[in-house]
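Just so it is clear, A, B, C and D label the chains in written order, and each chain counts residues from 1 on its own.
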Amino acid sequence: MSNKHIDEIENQMKLANESLPEKECSLFADDRPTTVGAFNKYYEGFLNWARSRSLWMLAFGTGCGATELRPLMTSRYDMSRYGIAPRPTPRQASVFVVGGYASIKTIKRIIRSYEQMQGPKYVIALGSCTINGGMYYDSYNTINRLDYYIPVDVYIAGCMPRPEALIAGFNRLKEKIRAGECEGMNEYVEKFDWYKKNQKQIIKDWNMPDYNW
Amino acid sequence: MEQLIKKIKGMVHLRAYGKQRDDLHFVTVDKAQLEMILAHLKNYEGFTHLAFLQAVDLLEEGKFRLIYMLYNYSTNVNLGVNVLIDRDNAEMNSIHKLWAHGWQYQRELHELFGIDFPDSPRVHESFVLEGWEEMPPMRRDFDTLEYSNRTFYQRPGRSTNDPAEYMKEKIYKNYPAAPVIRRDNE
Amino acid sequence: MSIWTQVLYAAISVTVATVYGLTLGGIVRKIYARVHGRFGPPVWQPFLDIIQTSSRRVSVSHGNMFLLGPVFRLAGGLGTYLFIPVIFGSALFGNFSMAGDLLLVMYFVFFGQLGMALGAGQGGHPYSPLGIARGLAQMSAFEVPFTLAVIAVAIQYNSLNITSIVAAQQGSFLNWTLFTNPLAVIAAMISMLGMNMHSPFSIVLAPQEIPIGPPIEMNSGFLSILQTNRGLFAAAKLVLFMNLFFGGATNLLEMIAKTFFIYMFSVFVGAAYPRFRPEQSFRFFLKWPTVVGVLSIIYIAYLGGVS
Amino acid sequence: MSNLSSSKYRGYEADRSKYPEMKNGKAVIDLDSHKYTKIWQGPQHPGVTGNMSVELIVNGDEIVWAKTHVGYLHRAFEKLMERRKYIQCFPLVCRICVPEPDTNEYCVSAAMEDLAGITVPEKAQWLRTLNLEMSRIGSYLMWLGGQAGSLGMGAIAQWTVGMRDFWLDLFEEMTGGRVYHMYMIPGGVRKDLPDGFKERARDLIIRTRRLLSDVENTFISNALVKSRLQGLGIITPEMVDEFGIVGPNARAAGRGYDIRINNPYVKYDELDVKMITSTVGDAYARAQLRYNDLHQSLDLVSEILDRMPEEGAIQAEMPNLVNWKIPPGQTYVKAESTRGEHGFYMVSDGSEKPRRVFARGASYTHAISVLEKLAVNISISDLAGLMVSLHTCPPEIER
């Protein structure tokens, strides 16, 4: 293959970042995300065990579900027993708890925050409204299915789910992590174009880079 | 209250007056005289609190009805001042000089109903919607279900529990359908 | 003792201190949780957190200085620790103590912050520089009473060697600086509140204001280095305070007991107070603690202390 | 500027001769001059109250310009209610304000009753009053935790939110729902009180008071809390009318406006509700006022429990609610929530669905106009405290 051809292929691999103003283009990376596989089986098993016992939750109350996260932190339910702690920045968080319905304006921020999290990362979606829209199924401003926009590991049904249900959801997530089934980060990369297509269909003013490092 | 209504009648063309409760009255005035009557009510009659400014879409009449809900702290009475404006090219005078939070409602009305308020600060800024391309969504003729079906992905399996449907399906399954009356011109 | 034995001993000592510091962190979380009326996380939670952060598969860097930030921080922690004799008279925990190590330790206590400032500054997040500005300003503020207290101690024992300072306090607990020069201890303990960054001096991390401040962009491996350093540095600071003001320790148990109670001082204050506004915090350190520090020097140098 | 000089606010005595440059009374802010930083506080930020954001320009630690962005929680309730039958509105309305859903339920059912001309039986009125006061307690407890948490005092937040959980238990007994109750329906309420409810409620009141005395010792009378909150975010009496400020924010500024007293609804005219006001208008006065109001709510709950009739209908005679048609008309019903005047404007056109429903969220102006004004010239570390002190609740702003 000629060098030119290789360049072309590489250019196709780059993200367009079309919606960014020209002077900002250099500020953002245009590399596509890549899949990162697991380590050796036994070592990964040990790491997964540690990951499941130290879940750092992104403190982003996206909807009314966030109101039940507060009792979850206090004496009655005390999620810190299970190693779950809130973390204020996406760079350090490993679990994204989407607290209910996501309006168009919020889903944009959800995507940005999700992409900034460092993998392996997990998503818990609470409430019926993230599953099929719930009572907002006919609203023009809320999405109906969250798993079309970011990969979801655990859904917790209910409106709103009780703290006990949340703990059960977290335990389910832990089981999945320990079993090595939570590869949402790689899934997102593999179906990157499909996710981007869905995201761009609803976010009409896409003024951010195509992938937020 | 009657005195006040009389006074308003003397000042402006009072199109309608209604009393809902002892502490809630509605008056309807002309579009051109609205600002004057609001300023009068605020400065001289003690209606200093603007509870809200909202609109109702009267699609059948081709009008918007704006409601300026005022409140008087000393007499504890709410007075809703209604005004009808045209639905096409809807436009209204701004009240941001009378109340410092008036612009908020005007921005909301501009975005959700498409009513323009020239001179109102930040009226063209987005309020709750981002990148909206359809008609203003709170208008009556905007079908939110149709938009939702078109834009978002429905998860199959949603069922309805509408009582009428339920009865038709489960209880009166064998009940003969109501006779369809055919008219000549069909 | 050959240099290699010393290095081996230092390595063991550092490991023990890190494990101890992290466990202490776990205990502190537990104590906070009890104040809140909760069970709290298990004591070994900090270790799990370190494994979790270091096992992330992806890591974003913002440039060379960003890489160096955590390294500088760790170097600061290591440097502080390695020149403090942890246990008086022990070869294993003697570390590299030497004449004039007090000066070196004082330097290293603040070295880490500066390195972190460089690294976090390149993170590009606006909260990083805000946090750095607060951190450095507060550091300069609490450094004043702390340095005054250290000067008082140096005058009192006529030495800049921590080993000889500890040696001078042996015998009876009445020989501790706590009793021979209480003013210096008061000044130093107040500045320790600022050093440990619990409330009311938690303005650098302040999750409600500038979400966790300087390390906001630190992720994965960088964060795990910072977390490790947090354990080591906490242990180093506490050992330093123990040596200078509380008579040092002659065995490991004594060290653990003393440092634990020294740390509890800032934990109990932290659980009961809200956070200062930054400028309130700076002014606080430059008022009474500084006056107390100056008084302690006058007391020792001109009034001749108790003896 | 007057905000700084006339108060005890010991934050900034900034040098105004240089930054920001003033021209015609307006600050000239040039972002390219590298003297200012633009910061988005929120929506992903632990210091904002819910899912909203404030766009800030800071000079050092000082905020020189602020702008509120809302709409992250817009679910188009008002549009959806136009597509729902009257009784189907109830699951929707309680979600308009999450910490205090019952005020919404009361307003909507009262608006429907007002339009249809239905009188609610005595017992149902008492039950409604009880429900409203209990939700006020829950909301205030959460607010107290938020205010302490915004100052970095996590312990208070843990205590009060933990205590709120026991009030939610009472709600669960009473209504079957923990956070959202859907207890009030047109014509009355859904259920009577369960057996032994009154004893448990009285017991909980005692426990709450015990907690509050701890909170008073550690929070309200804490010198550090005072030094941070006093002089912060002063609302002057002139601002109250200009910005339409309501509720505790207005009462702390000296405006005696409490709908429970001014326009009594349900059974408040028979109860002993006192107007609690203050004239200072800063964040600390608001905190004290809400703390006293919380005590008054506890008093009211025990008074209601004592005076409530044992027997009586809890539902008025109603037509079939599934196909209920309300005669045409328009009405506005308001109630005092913890944030102030919470009202519903409802228009019916004689069909079985409401023509237009508008929810007047109490913090609509607090979070936007007032916050943008008060946030200027304070330290960035005080913004979280200020937002909580105004008690902004984003879902009721954008609905």
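Assume a contact is a pair of C-beta atoms (placed from the backbone, for glycine too) under 8 Å apart; a residue touches a chain by one contact, two chains touch by 3 or more.
Just so you know, these numbers come straight off a predicted model, no measurement behind them.
Colleague: More contacting C-beta pairs: B-D or A-B?
Modeller: If we tally the C-beta pairs in contact for A-B and B-D, the bigger total goes to B-D.
Colleague: Quick one: report the Å distance separating subunit A from subunit B, using the average Cα coordinate of each chain.
Modeller: 39
Colleague: Starting from the mean Cα coordinates of subunit B and subunit D, work out the distance between those two points in Å.
Modeller: So the centroids are 24 Å from each other.
Colleague: Nearest whole angstrom, what separates the Cα centre of subunit C from the Cα centre of subunit D?
Modeller: The computed centroid separation for subunit C versus subunit D comes out at 43 Å.
Colleague: So, what's the distance in Å between the C-alpha centres of subunit C and subunit A?
Modeller: Here the centre of subunit C sits 37 Å away from the centre of subunit A.
Colleague: Mind pulling the residue numbers of subunit A that touch at least two other chains?
Modeller: 74-75, 88, 105, 138-142
Colleague: Which positions in subunit D touch two or more other chains at once?
Modeller: In subunit D, 45-46, 71, 74, 76, 79-80, 83, 158, 162 touch at least two other chains.
Colleague: Among the residues of subunit C, pick out those that touch two or more other chains and give their numbers.
Modeller: In subunit C, the residues touching two or more other chains are 36-38, 207, 211.
Colleague: Identify every two-chain combination in which the chains touch.
Modeller: A-B, A-C, A-D, B-D, C-D
Colleague: Along subunit A, where are the residues that touch subunit B in the complex?
Modeller: On the subunit A side, the touching residues are 104-105, 108, 131-133, 137-145, 148, 198, 201-206.
Colleague: Any idea which subunit D residues touch subunit B in the complex?
Modeller: Against subunit B, subunit D makes touches at 70-71, 74, 76, 78-80, 82-83, 114, 241-244, 246, 255, 257, 262-263, 322, 329-332, 334, 341, 343, 345, 347, 355-356, 358, 360, 364-365, 368-370, 398.
Colleague: With touch defined as at the start, can you tell me which subunit A residues reach subunit D in the complex?
Modeller: It comes out as residues 58-64, 66-68, 70-71, 73-76, 86, 88, 90, 101, 103, 105-106, 109, 113, 135-136, 138-142, 159-160, 162.
Colleague: Provide the residue numbers of subunit B that touch subunit A in the complex, in ascending order.
Modeller: It comes out as residues 128-134, 137, 142, 144-145, 147-148, 151-155, 157-158.
Colleague: Which residues of subunit D touch subunit A in the complex?
Modeller: 43-46, 50-51, 71-76, 79-80, 83, 91-92, 95, 98-99, 142, 145, 157-158, 161-162, 164-165, 168, 178-180, 395
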